[in-house]
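Right after this note come the structures.
Two complexes follow with chain A in common, the first pairing it with chain B and the second with chain C.
Take a look at the complex of A and B:
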């Protein structure tokens, strides 16, 4: 498949510090692609190289088949929505949105038409004569989006676009972004440190750490089949136990784990070697707790009620902790702190990790 | 608690107002009073404004000084010369200070503070001494002329001393830091991502400067211009030491009225009129500024 945005062996060093380390990613046309990672992982630097604000130390960036590695920011068919929004304080909302079009010397009538179209789409029509200082955070965010979208970029780059919004507005805006992206059929690349946000909006996610890409895949792929303990723990919660394989039947594996204090089960992909040290990762919502039966024995040490679910922390006999999440279906809670429970899960609910 | 801290806040605000009242408003009222008096021999060299005759308080306000000053061409000419010199030197300083401030603001933070230090360093010696130094540079047999003569660029010394050119050199040199500092403060506080946003939206470096950096720095430009324009109008030392007899600025006129003619009332009237000329544009400027910032 020919990638629309193609990042080829891209690296960026600042002095002795390597911010982005030999990254290669292919992004298809119309994708909503997330660069996800903790702060300092290089995701923003990568985005800035795509925008043209940073010159790569080595590697190449191609947009729609054309190499743009050395093309300056103002000649690239990309537009960026900045984390701080970077609205021009001396211009009205209307002039902010029209800024890029005026720079391209479009006819006045066309500028007016395009500004009013995008303003209508983003519910900004009533605000066009205001100054940015007179807007709320959510309104500013929409102006920043409008200003970038109005130029009809081939790729829209979003740097932590929702970081400054409160939680409810944030969720709403995430859905709004997805709706817009589908409607316009544009390619979006978003930088975020919020796993939940990345999972909600993206078609695919690249998980980054220390300048490298650890895994690329759809939200379901990276959540269900993480390549490493780091990815498993970074994307949501995970219980991870170290061990060595004992029995294999098909893809199901019984793993003897001293850390868990017994046998735990997991599914391994064919290519994963079952020799040596590895780890079993299981998500809290896949763990079943029962008062008796098979499984790892432990005592409930902590309980927290999270509305949509009940969260238990179990202290296993081995001394390790295990988190379990029961979805709140309205039934009475029959477990409480201090109860002895047995934790188990289906083999296909857990993953075997080699790293 | 609320009212107590409110009281404290008010007291704090009172300090600068009190300062202004004692050291600015009171002297001005004195000058205003003297301008409405008439000259006499003796000490002080002006008639008192009021007198008690038994129980009758008679106040005499003499407007003759103002009528005289307005009617006399010399004063009008001195005002106009001062305005011209102030306007031209403000423009010159702007042309020098803006690139300088821009250059300093785009340096690394440590270099910046060193360069700003260099801008301020001349303040450490007396202005009078520095202007005298310019005399020895600009004289016919001064440093500048001997340099040019020795290099063979000129065959006869340039006459710079006691010309308007010397006044501009002296004023621009003396007041430049007051123009550089507010512009620098403004530019160094400006948001870099705004430039990136402009670049991202299609601006070349130059276009980003004219469409974003420059309009956003206008406040600093305005502050710096006001800071130099106003004192330059009343400037006395530079035109007196470097300028010739043909450039009569208002500061020198006031000096001559006070100390050569010992006509305090007329000198005060000139001063009051100068203040009026200055205050009106400042008030207009301030109201415009506060309106645009709303």
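Take a look at the complex of A and C:
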């Protein structure tokens, strides 16, 4: 498949520090693609190379089939929304939005038309004469978005666009972004360190660490089938136990785990060899806790009430901890700190990890 | 906030009196009708009239203002360029030395600067006069201008220019369209500061002047040699007014910029 944005063996070093290390990603037209990773993983540098603010040390960037690796930022068909929004403080909202169009020397009538269209789309019409200092955080975010969108870029780049917003506004804005992206049919590439945000908005996610891409896939793929313990733990929570001797019955595996202090179950559908070192990973929401029955025995050490769910931390007999999450369905809580419980899960709830 | 104790109040009062009482006395006596400087003879503005009709004083003032305006302009341009290098390019070879050298003239003894500049002008065979004073003033006020510009540039979000480039401006156009308008208050502030510093300089002017080119402070100083006259008080009060205006204006101009940079 021909990618719309294609990043080919891209590397960037600053002195001895390699910020981006031989990264290759293909992004399709109309995708909402996330670069996800902790701070310092190189995701922003990668985005800045796509925008043209950083020159790659090696590798190439192609946009819509055209090589743009050496094209300066001002001649690339990309627009960026900056983390700080970078609104021009000396210009009104309207002039901020019109800035790029005026730079392209479009006719005045067309500029006015396009500014008012995008302002309407983002509910900025009433604010066009204000200065950026007079706006709230959410309004500024929308102005920054409008200013980038109004140029109708082939690719919109968003660098931590929601980092400065409070949680409720963030969630709302995430949905708004997805709606806009669908409506306009544009290709969005977003940089974020918030895994929840990446999962909510993206069609696909690239998980980065120390300049390398660890995994690329849809939110469900990377959540359900992480390639490593790091990815499993970075995307949500995961209980991970090192596996040992394995018995198989059909597609189900019973794995002896010294770390967990007993047998744990997993499904054999993963193509992970159980000969070398491997791990079993299970998400807290898939763990069932019961007062009696089969499973790993342990004592509830911590409990926290998180509204939508109840979170338990169980100290297993082996000394390891296990997290379990019970969705709050309104039932009475029958477990409390100090209780002895047995933890179990369905084999298909757990995955095997080779790294 | 706790209320200041009587000791606090007293020390503030004593400190302010120490700093400003001589100036108050100067201003008050500039309105003295008496010819004797220390004897109050009633209110009068006659010394102001005398001062502004004194040909020599007016001549000195003209030179001073001209020198201050031109040297402040030079200092602001050069200081801005230095500040841009120091803030934007930052990590070049020898940037520590560069930053140090940029601010060193602030603490360099004026006498040393004066002598060195005199020597340079003599060596180069440049006739001393208003031009050499202007050059010398531009040199010693440049560091102040650079510091003012530097503090503004540090506050200026570098992604502003990147945003402009992203929207289609080549780098230089982005700088002119986005960075320069946002540095405007700092330009004005740096210019006013340089202007004020140049206006009241005596030492460096004395070293770098030539025949027939006496600035206002030099004129005042030479008059003092024959005793303090109320006329000197009047001129000094006028200079004080200009300096206070310059400082206040420079603060007012630079204040909104601080606010907007916070908002960004």
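Just so we're on the same page, the second predicted complex is superposed on the first by the 349 of 355 C-alpha atoms of A that agree within 3 Å, B and C clash if a C-alpha of one lies under 4 Å from a C-alpha of the other, contacts with A are read in each partner's own complex, and residues count from 1 in each chain.
Throughout what follows, a contact is a pair of C-beta atoms (placed from the backbone, for glycine too) under 8 Å apart; a residue touches a chain by one contact, two chains touch by 3 or more.
Only a predicted model underlies this, so the values are computations on that prediction, with no experimental measurement involved.
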Combined model on chain A where chain B meets chain C, clash or fit: clash
First, second, both or neither for A:241, with chain B first and chain C second: neither
Chain B versus chain C as contact partner of A:223, first or second or both or neither: neither
Touching partner for A:345 - first (chain B), second (chain C), both, neither: neither
Touched partner set for A:132, first chain B, second chain C, both or neither: second
Which superposed partner A:100 touches (first chain B, second chain C, both, neither): both
Which of chain B and chain C A:279 touches, first, second, both or neither: neither
First (chain B), second (chain C), both or neither touched by A:84: both
Common ground on chain A, meaning residues reached by chain C in one complex and by chain B in the other: 51, 53, 72-74, 78-80, 82, 84, 86-90, 99-100, 103-104, 147-148, 151
Of all residues in chain C, those that touch chain A in their complex: 157, 159-160, 162-171, 173-174, 178, 181-182, 259-261, 263-264
Footprint of chain B on chain A - complex, ascending: 51-53, 72-74, 78-80, 82, 84, 86-90, 99-100, 103-104, 147-148, 151
Complex contacts: residues of chain A adjacent to chain C: 51, 53, 72-75, 78-80, 82-90, 99-100, 103-104, 131-133, 147-148, 151
Chain B - residues contacting chain A, complex: 191, 193-194, 196-204, 207, 211-212, 215-216
